[in-house]
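Two complexes come next, and they have one chain in common, chain A, joined by chain B in the first and chain C in the second.
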Partner chain A sequence: METRVIGKSVPRKEGRKKVTGRARYVDDLSFPGMLHGVTVRSPAARGRIRAIRFEGEIPWHEFTVVTAKDIPGKNCIALLIEDQPCLAAEFVNHPEEAIVLLAHHDKYLLEEARRAVRIEIEPLPAIFSIEDSRARKEIIWGQDNIFKSFCVDKGDVDGAWASAAFVVEGRYETGAQEQLYIEPQGMIAQVSEAEGVTVWGSLQCPHYVHKALMVLFGLPRERIRVVQTETGGGFGGKEEYPSMIAAHAALLARKSGRPVKIIYDRAEDMVATTKRHPSRTRHVTALSRDGRLLAMDIDFTVDGGAYETLSPVVLSRGTIHAAGPYACPNVRIRSRAVATNAPPHGAFRGFGAPQSVFALERHLDRVAEAVGIAPDELRRRNFIREGQTLAVGQVVKEKVDMNGLMERAFALSGYHAKRKKFAAANSDPRGAIKKGIGFASFLHGAGFTGSGEEYLASEVAMEAMADGTVHILAGSTEMGQGTNTIFAQIAAEALRLDCEQIKIIQPDTAYVANSGPTVASRTAMIVGKLVETAGLGLLKSLTDGEFLQPGYTAADFSRACGEYVAKHGPLKTFVKYEHPRDLHWDDLKYSGDAYGAYAWAVYVAEVSVDIRTAEVRVNDFVAVQEVGKVINPVLAAGQIEGGVAQGIGFALYENVVWQEGRMVNAQMTNYVMPTSVDLPAIRVYFEEIPYGRGPAGAKGLGELPLDGTAPAIANAIAQATGVDVRQIPITAETLLEMLEGVHA
Partner chain B sequence: MRAYLPAYEMETPRDLEAALGRMASEPGVWRPFAGGTDLMVLLEAGKLPHQKFLNIWNLAELRGMEVSSEHVTLGALTTYTEVQRNKTLLREFPLLCRAAAETGSVATQNRGTLGGNIANASPAADSPPALIVYDAEIEIVSAGGSRWVHYASFHTEYKKMNLHAGELIRRIRLLRTHAQWKQYFRKVGTRRAQAISKICFAGAARVEAGRIADVRIALGSVAPTVLHAVRVEELLRGQRPGSAVLQAAQDALNAEIAPIDDMRSTAPYRRNVARNLLAEFLEVLAG
Partner chain C sequence: MPERARKIRVSCVVNGGAASFEAYPMARLLDVLREELKLTGTKEGCGEGECGACSIEMDGALVNSCLVPALQAQGTKIRTIEGLAIGGSLHAVQQAFLTHGGAQCGICTPGMILAAANLLARYPQPDDAQIREGLSGNLCRCTGYMKIFESVVAAVRRAETRA
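Now for the complex of A and B:
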């Protein structure tokens, strides 16, 4: 199909503003009379608050001080449930939990004041590991420390063991990971009788913040307004936590009667906000003599931290992705999210899938070894094909060619030749540098899971102005990933205009439609489709009314809009998501069509390991994926490159050092993310099989690269060193220890 | 920024004499501020207790580089960028140049100074091992005069050094006797740039007729101060650099170092890697 702008790398809508420094982030905004706010946090992991003392030589009378007593509505950050307090009142359940808020016009003095607040806590026993939580060493949440559990059951796993030629078992672990968006979190709030509560800030999901503030203030919908300012990265980290900061700023604003700005510095952002859930996975896999999967028994646990937040949903995605793109007749996945006394873990690009995919893809290399076939041969014999059923019982209706992706990735990376060459070279004991090449094959579902999109029932509005400019009004946010640009492309394509004629309205809950949260690789595919439909709707109004004839120019379009508006008033369309009738999901059995579409991928990593220092270097990386129609190649490749870089961090560098539930390396010096010189060339390739329900055939791709990067690297390290990697991050310290074991 | 800025003061003295006079007038009160690359990190984190600073960045007496037939003398304000651009240093003191090139980023290298690296007294600092290998001497000045000390004995315990209130490091002097030595440097950081050392090894030796005639070895991040491995040196002198001496040398090194677990690495890792780097050094000497 001939396209005008889809499939073209048009420049970023807000790119010029960003590179010229004109983009206004929340900390660039200032309001008359504005105060600054800070948060005083719990020094203890768990306990009862005994006293709060305001000490030091601080002019306390000049400060606005807020505690739980100042909350007008419910003391909670309403999300899935309402278990997390906005400010701890009597008990604290994790280090750095917010207890007191302070505001003052002098932000430096505010820091002195923060240090002068003494919070006395009578400690209660706390737990810090998945193991202790599951053993119920202490019950710290609900009846059993379990936020949520799932059981996926396909076929008859227990009946499969007897006939198996091989049964392979393995346990795998992944660590916490910090999102590390460039712009730390921040919010400004203003509260007045006349206008209710308004907040401006760096966030992914304006309507989540909106809901949380309604509950906190006990105010109706129209008395709360949430505006997204230019956002410097999110990666999931700005999905749920911004509600907390917005709530804090708004409470201070209400009490002081002035606008209040709260900006976290990097240290506070790292120590107090969410991270990727640490995980533990156990696999037991049964295979036939010829290496076909007979049964997969998977047990998956994530550490949710002290409150539920989004853990059930993260667990859900991790669970559904745990069995990968393979056809296996018998699959059981038991999973749970458990409580520990750490700050709540939360959304992070991939959302549970990178954890369970790491376990599976590392496990399958071990399975291949046990069966005595090559890792690619094992995959080849078990890849899912059109018409077969995934673990959750979803029949794959898309054209899928995992084998084709794998062959392409192997050809591009020289996989087979290198694997042989490295094996030979590594056997020379004199060599200090060992090399390896490994891969992972995986899928990632786009959109909310199961009936999620149906419940969300997202909406998009579009308005053509009299001058022919077309406005898109949606709550979907730009945070660097390209929403503005691809929406403009999709609308321009539908209306046969240029992107410049499309304007994206700043997400503001007072004006835009609720198009749902900007998460779950759903924005291009689900919301993009609504944008496309809205565009076609506008066009229909113009052509039906004979304002516009086929073969029109941009000038014709503008003129037609002017005439329409003059005659009928505003030209506006609303589109609401309609769940495809043939997608069914059973929440109780946890089975059915988990996602409307999947992205499919094979990633190959090449590494070298210096066995004297156990330093790992990724030398080459090939990422091949099928994501439906690519709307903007440069942006899409950028998403994959960034995701792979983040995946390399997840695999090798990013190690949260915990002490009693608190991150102690909360600085970028000691929490080590890869720099440009630590990264290889990341070579990105797309296969495009248009997806009928995506805009112009597009599927989602934002989270995908996080899933396969770490296991590809782990498998490469295993080839290089013979070390059976079971855990990430693979730090030099753990690897050296294991190397001693291998070479002793 | 977590610091209360109004609590801090900074003065810019016009010359060295004025700076030393200021420091002498209120002993221990005024602290030098050179490139600020260590001090600003503390300020940002709200952990900078000292409140009065002397901006010494403009003191010409602490700048510049002099080459005589015996020595190269570097002002304490010599930056990492200047180190890497100097031809004599590149030719004769490659360990120092390597350390400079692997310190922080370009921005840090433009502001960070050798004097600051020494006086900050971190056991993980990267130029000190090289300075020890080159048997550096440093000139310390105060209102009362000047003295030269051997750098190898300058650091006494964790963050303690032979530098008193009212004193400034003025210059660093390196002996030009190592040009023909075989030299080895390796920094093992948490990543390839912008990394604090988990271990840093600098070594140089004069090899004559296949034997180690003289050798100097120093390591960072393996003890409370940068470590001069004198016992390993003693053991190696007169030996052939090969597998025969390796085990004994590694044992000596193991006995000499006292690494710890911290948030960047572990004691066992540092011990193992120190051993392995020593082996690599001996291979260089044998090669």
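Now for the complex of A and C:
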């Protein structure tokens, strides 16, 4: 298909503002009379609040002080349910839980004041591990510490063991991971009788914040307004937590009668906000003599922290992805999200899938070894094909060629030759540098799971102005991933215009349509399709009314818009998501068409390990994926490269150190993310099989790279060292211990 | 209330123009630039000199402005991201970041671009290792650095074709 701007690397829409320093992030804004706000937090993991004392030589009368008593509506941050308080009133359930808010115009004095608030807590027994939570050492949430559990049943797992030639068992763990967007979280709020509550801030999901503030203030929809400022990275970390900061800033603004700005510093951001859920997975896998999967029995648990937040949905995605892109007749998955007295874990790019995919892809290399075939041969014999059924009962209707992706990734990385060469070289005991090459094959579903998109019922509005400029009005946010640019490309393509003629309206709940949250690899595929439909709708209005003839120029289009508006008034169209009728999902049985489409991928990592120091270097990384039509090659490759870098951090460096539910290395100095000298060349390749329901054939790709990177590296380290890697991060400290076992 | 230091007057040259401000001697230069001089292109990412989002040039050297006390700015020449483009025309590094996907969320971008411009001033033809080393004090969470390296290489090429 001949395209005009789709498939072209047009420059980032807001790029010029960003490279000149003119892009305005929340901390760059200042309002007259504005106060600064800070949060006083719980020193204890669990307990009863006995007293709050305002001590020190602080002019307390100058301060605005807010506690739970100042909340006009419900004391909660409404999300899936309403269990998380905005400010702890009687009990605290995790370290750093917010209890008191302070505002003052002098931020230096404010910091002194924060330290002078004494909170006395009578401690209650707390639990800090998945094991203690499951053992119900204490019941800290609901009746049984379980936020949510799922059962997936395909075929008859128990009937398969008897006929199996091999049964392979394994347990795997993944740690918490900090999103570490470089712009810390922040909000500004203003509250007045006339205007209601308005907040501006760094966020992914304006309508999530909007809903939370309605419940907190007990105000109707139209009295709350949420505006997204330029957002310096999110990666899931600004999906649910911004509602908390918006709530705090708005409470201080209400009480003080002034605008209030809350900006977290890095330490507060790391210690108090959400992280990727730690996980534990157990696999028991049955195979035939020739290495065909007969049964997969998977038990998957994630640590949700102290409140439910998004844990049920994270668990859901992790569960559905746990059995990977393989055809296995009998699959049983039991999964649960459990409560511990840590700050709630939350959304992070991949959303449960990186945890369960790590376990599976590391496990399958061990399975291959047990069966006595190569890891790629095991995958080849079991890859899912068109017409076969995934674990959750979804028949794959897409054209899928996992084997083709794998062969391409192997050719690009020199996998087979290196695998052989490294095995030979590593067997020389004199060599201190051992090398390995490993891979992972995986899939990632795009959009909300199951009936999620149907419930969301996203909307997009588009308006052609009299001068021919076309406005896109959607709640979908730009946080670096390219929303503005690809929306402009999709609209420009539909309208046969250039991207410059398309204007993306800043997400502001007072003006834009609710296109759903900017999460779940759904923006390009689901919302992008609505943008495309809206563009075609506008065009139809112009051509049906004979304002515009085929073969028009940009000038013709502008003239036609002017004439239309003069004759009929505003030229505006609304499009609402319609769930495809052939996609069925059963929420109770947890089976059916989990996602409209999947991205498919094979990643290959090459590493070297110095067995004296246990230092791991990733020397090469090849990422091959099929993501439907690529809308903007530079942006798409940038998404994959950045995701692989985060995945390398997840695998090797990013270690959250916990002490009684509190992150104790909450600094960039000792929580280490990859720098420019740590990463290999990340080589990205796309296969493009247009997806009929995506805009111009596009599928989602944003989360995909987090799934396969860590297991590819773990498998490479296993080849290099002989260490049976079972958990990430594989820091030098943990690897050194394991190496002592192997090379002693 | 505890005794506080008194503010001092500091004079320096910022982006080619004379600048003068009052600040506590140990105030962070980052805050002075952002709050007194309204140069909000310089960003704070960590406040402890790890991330480089607050990078500026001071007498030609790249520094983390979150670690520089205001008094140290006295008599220096400072360049921030706002001083890089001349008139309406982008610096070669800015243009390359725009074309080659060097900026995603944009929060590390001002510091990263200054680091790249500073690198090219020292090594007009940097090799891969020099580029990686030169940018290693500036963290980016979005790009995985690949498109940033490409942008720097493109800026070098552009400079070559002009020469």
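Everything that follows uses one rule, which is that the second predicted complex is superposed on the first by the 744 of 744 C-alpha atoms of A that agree within 3 Å, B and C clash if a C-alpha of one lies under 4 Å from a C-alpha of the other, contacts with A are read in each partner's own complex, and residues count from 1 in each chain.
In this section, a residue touches a chain if its C-beta (ideal position, glycine included) is under 8 Å from a C-beta of that chain, and two chains touch if they have at least 3 such contacts.
Remember, it's a predicted structure, so these values are computed and weren't measured experimentally.
Contacts of A:G233 after superposition: chain C is touched, whereas chain B is not reached. Contacts of A:N665 after superposition: chain B is touched, whereas chain C is not reached. The partner of chain A that touches more of its residues, comparing chain B with chain C, is C.
In the superposed pair of complexes, A:E112 makes contact with chain B and with chain C alike. Judged by the touch definition given at the top, the superposed model places A:V657 against chain B, while chain C stays out of reach. In the superposition on chain A, contact of A:R612 is made with chain B only, not with chain C.
In the superposition on chain A, A:E733 contacts chain B only, with no contact to chain C. Shared-chain residue A:L124: touches no atom of chain B or chain C.
When the shared chain is aligned, no partner comes close enough to touch A:A164: not chain B, not chain C.
When both complexes are overlaid on chain A, the residue A:L219 reaches neither chain B nor chain C. Applying the stated touch rule to the two superposed structures, the overlap between the chain B and chain C interfaces on chain A comprises residues 112, 265, 667, 669, 674-675, 677.
Looking at the complex, you find that chain A touches chain C at residues 9, 11-12, 14-25, 27-28, 57-59, 112, 179-184, 230-235, 265-266, 479-482, 634-635, 637-638, 641-646, 667-669, 673-677, 679, 681-682. Residue ranges on chain A touching chain B, taken from their complex, read 108-109, 111-112, 115, 265, 267, 432, 612-615, 653, 657, 664-665, 667, 669-670, 672, 674-675, 677-678, 732-733, 736-737, 740.
Those residues of chain C whose C-beta lies close enough to touch chain A in the complex are 1-2, 34, 39-48, 50-51, 53, 80-82, 84-85, 90, 94-95, 97-110, 113, 131-133, 135-136, 138-149. The residues of chain B lying in touch with chain A in their complex are 1-6, 41, 45-46, 188, 190-196, 198, 263-266, 268-269, 272-273, 276-277, 279-280.
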